[in-house]
Amino acid sequence: MNRLSRLRDSAWPGTLFLLGLLLTWEVAARQIASPNFPGALTVLSKLGEVGPALLREMGVTLWRAAAGLLLALVTMLPLGVFIGRFRALGDFIEPVIDMLRPLPPLAIVPVAMLFAGVGSGAKVMVIFYSVSFPIILSAIDAVRGAHPMLSNVARSLRMSRREIMLEIDLPAALPQVMVGIRIAVALAILISVSTEMLLSTDGIGNFIMRSQEEFQIAAGMAALIVIAVTALIINGVVEWIDRRALRWHYAKQASTTSN
Amino acid sequence: MIGSVSLLSVQGISKALGNAKQSTQIIGSVSFEARRGEFVSVVGPSGCGKTTLLMCLAGLYAVDGGRLAFDGKPVSAPPQGVSVVFQDYSRSLLPWKTVFDNVLFGMKRITDMDSIGKRAWAAELIASVGLKGFEASYPWQVSGGMQQRVAIARGLAARSRLLLLDEPLAAVDAQTRAEMQDLLLDLARKYDQTCVLVTHDVDEAVYMADRIVVLSKRPTTVVEDIPVALSKPRDQLKTREDRTYLGLRHEVITLIRSMRVDH
Amino acid sequence: QEVKKLRVALVPGIGCLSIYVAAVKGFFKAENLDLEEIPINTGPGAATAVTSNSADVGYGGTLPIILARSHNIPFRFVMGGYYEQAPLSSDDAIIASNKSGINSVADLKGKVIAVNNAGGVNDQQVRLKLAEAGIPIESVKILSVPFPQMQAALQIGNADAVATVEPFRTAILLAKLGKVIARGYVKDKDLTKAVPVGVFYATEQWINGNADTLARLKRSIEKANDFIKANPAEAKEILVQRLRLPADVVGALTLPPYTTTIDPAGLQAVMDAALSVGFLKKPMKAQEMFADSK
Amino acid sequence: MKKVVGVGLFLLVWEGVAHSGLVPQQYFPSVTQVALAAREMLLSGELLQAEGKTLMRALIGLLLAIGLGVSLAMLAARYLLLARMWAPLVEIMRSVPPAALVPLGIFALGLTPKLFIGIVVFAGITMVYLPALNALINTEPVQINAARTLGYSRLETLFLVRLPAAWPEIFTGIRVAAGAALIASIASEMLAGKDGLGFLLFDTAFSLRTNAMFAVMLVAALNGILFNELVLWARRPLAGWQDALNHLGDAR
Amino acid sequence: MIGSVSLLSVQGISKALGNAKQSTQIIGSVSFEARRGEFVSVVGPSGCGKTTLLMCLAGLYAVDGGRLAFDGKPVSAPPQGVSVVFQDYSRSLLPWKTVFDNVLFGMKRITDMDSIGKRAWAAELIASVGLKGFEASYPWQVSGGMQQRVAIARGLAARSRLLLLDEPLAAVDAQTRAEMQDLLLDLARKYDQTCVLVTHDVDEAVYMADRIVVLSKRPTTVVEDIPVALSKPRDQLKTREDRTYLGLRHEVITLIRSMRVDH
């Protein structure tokens, strides 16, 4: 049994841990007894009440998250590999990336609205903007960190730069890039919710905002639970894809690891 | 068989490695020629710069000085028609491709074969390096010696005009080694390939070569360029018992001994 | 008389002028009040600061506190801040852009309207006014656009109308980008009442234990309110300095009436309006905001 | 030098867009207008003061996030049961927007520096933890085997082999986390702050000072470069070897 | 010199590799003993399972069946007192440590030496594998053969009671190889080390060994366990001309030939 598969094969410890957290939450809430901090049971019963509405809103949120993420994947993955391969280019572009990175989504909203209007376009643009960075940075670093041997092989086979990037750099970098993608996936949901809190009339972020405005604290927490569960499900799917796409990597790690 | 035209011409090339701040001269000045179809063995002490030389020949490292030409044209990038089998075989295989696909990968630039032909050729090569049955394995699922043979098969796959081999048989057992030597000679003749073989096995160097280039320690220069007057095809038993063979073997060993890296 | 420390969580804005003036003119100091302003950019945020004891007193919009109270957060109004009353003053407005061709709320049908945040007091305003004009909410498109970006949205054409507040209202009007088609957070018939817009609030527990401090706060704010009434120009100057607003905008806007009293009728109108559009789930009496809850 | 050129090009594009008339300049000012506003704010001292506050919060939060993230990843790599245990929590944490937690945060931590730093840590920690864990459990097996047979215990192997081998990838995580830390400190200041760049952003927007708002954004952007330089500086002794190894391939 | 006590006892061990769904039997059943101070050479065709066997001996792979004991105690984890030089030398070195530090890294288990002593011992080892002057280089800055010698130096650094060597000299030139062979024999005698050497070079196997274990192809079993009746110390010239030596060499080669992996 190897470390990786052991890491993935059982859901028990995680489930128990979560249950433990819920319990702690409930106990703590009873101790504190403040309307600002409803207990797990209150929130769960609220969840039963507003659940269907929440699921609908979550759908909207996810749709935008997916659009922004997809856009980032198809543009930033190749761009990252490209910059990783051509160091000289990175010297120019990376400072710009570093400049754009610390701008909070909330702050670029006004700019995004100027150029992308106030509809879903602006929100998708902000999500795209935010999730681009983990993807592009992990791609750049992974390509740069790859051992030069494979690139020698490819060059001696007279592969074009495009081919090298596509057929060597990308697959070799993928195990590390996958971590960046996993971060990006969660971030997409996070940003989607955040932008909705600020400039939307639908989506789960708007629901949270409304709950905050109306001091429906339990309802807001119920929404957070829906986000959490959705995140868990999506992460499961991403991990499944990850294991498929990188079957060779995990098998290799598994086969060469000691007892 | 061997043409009189020089396919690979190495004239006084030099090469330093390292960065701007601290660089070491690896290749002092190396010159030799390889004619079409010729098999050149390169021997020299460990660390003398054989791998570096091969990287230059492959167009992967730019030479600092001297002239390097393949097929009459100066080498400035990996030229068409050159294949390399790298010394670091385990790292040179693509871990996400199976043995079969790794070999197929070597045919990237082959245009005069359709996909079916390529697959047949790959299967044939895999069988001839003794890996039948391991086509679907990944490189990391086979032993060191087997990985090295996958690398050889990939190098052979392109039927390049020039084959650069960097200690390609270091990790295989004696019996397999002999078979692989004959396979290399066979294919080289069949496809009129020129080969440069780096090896630390003097017997192998003599057995395979039409010419042996003996390198000095670092910064390396050519100590001797010895023609091998052994008939072809070679034979593992007969050739190795041949007087000329033994004489050459003696000569090369003596040469190498005389220039041990002192310590 | 010993110095009392008082932390006030507030949402910075024109409504805070009394506090700014009292601070600048030393009215707090005169009452031996060491008043610390805690600016927080959202009403709910400021309210949370008060419940979590990060602040003693909150100052902000009326509606969020009513809603909090309706969800059993033990807030009580301490005193009034400012109000609006037709035709004397108005803090808020629905403004339609010139190019949209909208002249009244009835014309909003099929148009795009921007509110600051969905679920906020602007949203309520739009819903209320549409309902009164008999326009179903589904027939308009409501967008969420932060106040500062509304002017751009109007000008670029991203929105046909915006529900905004001061000073953005005056800025848009100064730029001649549109005209006011509706106003007020209450039904049209209640517009003539003194509708409390900004209020001071605190938790019941804190109020009960700090009567003296509250009295000092009230006295200093009242002094400030008198000052504003007497010296509007100087008050505006303080506003410009404190909020760093453009002087022309402040010069053009009408200061709302600042007062520490809350008209229960106006407050009831706010509650009724919130109830009618469903923001408030159950009827409330104005008195609940002043009395101890059980 | 090249960095300056890159930034210069970026500013040039900005200037171009501002003058293109795509958007009224009133809302999207040119670089020069922004620079003037920045100069004014610099002279008045408000910009530097806010910058100091924000940087401090982001830096402390980032350091905590790195310390916690790497330690927890090491713990998880050593005791995989722990990794499995808190895996769902990590996933949940990653998707919950800090903004949604601000009210709860105010409630739990009060309007203290703890709140802002807490939000920064929350935003950054998983961005360090995940790559670190990935790198720590994907160490070259032959190296682990070598260490094990040379008598290194699992714990020693963790510190002496897995961790050094993982630094390059961990630093990718740190780079991402550094950006997230800056974002989180600014965002939390926007929502609940009374100082810092985030507050200033909000303040300038609400006082209709568009040029000043862009000036604040420019400063926030420059922080990105500053933080990245910091990260690169810290990276050199720990993961610099990898760059040198990589330059082997740059022979041409 | 060789004690009569069995230090390493291998009794009918078996091992399959792969995952639950698809596993391949690599080691069928292997038994042999190594007494204290004994030098055991293991030969067998490429891919037969030599590396796998060594990994089991090192306690890195758990055996599926049979009994494996080191110093009388069953092996379930890497036991104290066993060093390994891995076949995949280039990957086994720590790329962030210099040559010197890599060798120093091997001295973890040495307790009867202070830091100065350790550094002196590391320097001595590096010199004796011919790498003086490369102490401050990183592994990836030196040639393949040099990397392999770093790995050997690291393996020797611990002065372990049992040394497992997986084709440790595959990448060095003939001359260095001979010197390294003698170095290994010297140190083994000096520190009373038991060695298990996997090699594909039959000459080397015979020259070094007190006993030669010949393995069959996969799933591997012991074909022959041949005692080597050659006097010690060995000598590169005399031993290799010895009758017994030549006879053993012949025997082993014949054995290996007889069991080629067919293809």
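We just call them A, B, C, D and E in the order they show up, numbering each chain from 1.
By definition in this document, contacts are C-beta pairs under 8 Å (C-beta built on N, C-alpha and C of every residue); 3 or more make two chains touch, one makes a residue touch a chain.
As the structure is a prediction and not an experimental result, all values here were calculated from the model.
S.K.: Starting at subunit A, find the fewest moves between touching chains needed to arrive at subunit B.
M.R.: Contact-graph shortest path, subunit A to subunit B, evaluates to 1.
S.K.: For subunit B and subunit D, which third chains touch each of them?
M.R.: Common contact partners of subunit B and subunit D, which must touch each of the two, are A, E.
S.K.: Could you compare the number of C-beta pairs in contact for D-E with that for A-C and name the larger?
M.R.: It is A-C, judged by the count of C-beta pairs in contact.
S.K.: How big is the gap, in whole Å, between where the Cα atoms of subunit C centre and where those of subunit D centre?
M.R.: Here subunit C and subunit D have centroids separated by 37 Å.
S.K.: How far is the middle of subunit A from the middle of subunit D, if each middle is the mean of its Cα atoms, in Å?
M.R.: 16
S.K.: For subunit B and subunit E, let me know how many angstrom lie between their CA-based centres, rounded off.
M.R.: 28
S.K.: Counting in whole Å, what is the centre-to-centre distance of subunit B and subunit C, each centre being its mean C-alpha position?
M.R.: 83
S.K.: Can you tell me which residues of subunit E touch two or more of the remaining chains?
M.R.: 18, 55, 60, 77, 88, 91
S.K.: Please set out, as single numbers or ranges, the residues of subunit A touching at least two other chains.
M.R.: Only 34, 36, 110, 114, 147, 149, 152, 197, 212, 217, 251, 255-256, 258 qualify.
S.K.: Would you give the residues of subunit C that are in contact with at least 2 other chains, written as numbers and ranges?
M.R.: In subunit C, 42, 44, 48, 51-52, 146, 148-149, 152, 156 touch at least two other chains.
S.K.: In their shared complex, at which residues does subunit A touch subunit D?
M.R.: Where subunit A meets subunit D, its residues are 3-4, 6-7, 10, 12-18, 21, 34, 36-37, 87-88, 91-96, 98-107, 110-111, 114-115, 133-134, 137-138, 141-142, 144-149, 151-152, 175-176, 179-180, 182-183, 186-187, 189-191, 193-194, 197, 205, 208, 212, 217, 220, 223-224, 227-228, 230-232, 235, 253, 256-258.
S.K.: Hey, which residues of subunit E end up touching subunit B in the complex?
M.R.: Contacts found on subunit E: 18, 43-51, 87-88, 90-91, 127-128, 130-132, 141-146, 149, 167, 170-177, 200-202, 253, 256-257, 260-261, 263.
S.K.: Any idea which subunit E residues touch subunit D in the complex?
M.R.: Listed in rising order, the residues of subunit E that touch subunit D are 55, 58-60, 77-78, 80, 82-84, 86, 88, 91-96, 105-106, 108-109, 138, 140, 154, 158, 164.
S.K.: Report the residues of subunit C in contact with subunit A in the complex, numbered from low to high.
M.R.: Touching subunit A: residues 42-44, 47-48, 51-52, 64, 67-68, 70-74, 114-115, 117-120, 142-146, 148-149, 152-153, 156, 158-159, 279 of subunit C.
S.K.: Which residues of subunit A touch subunit C in the complex?
M.R.: Subunit A residues touching subunit C: 34-36, 109-110, 113-114, 117-119, 197-202, 206, 209-210, 212-217.
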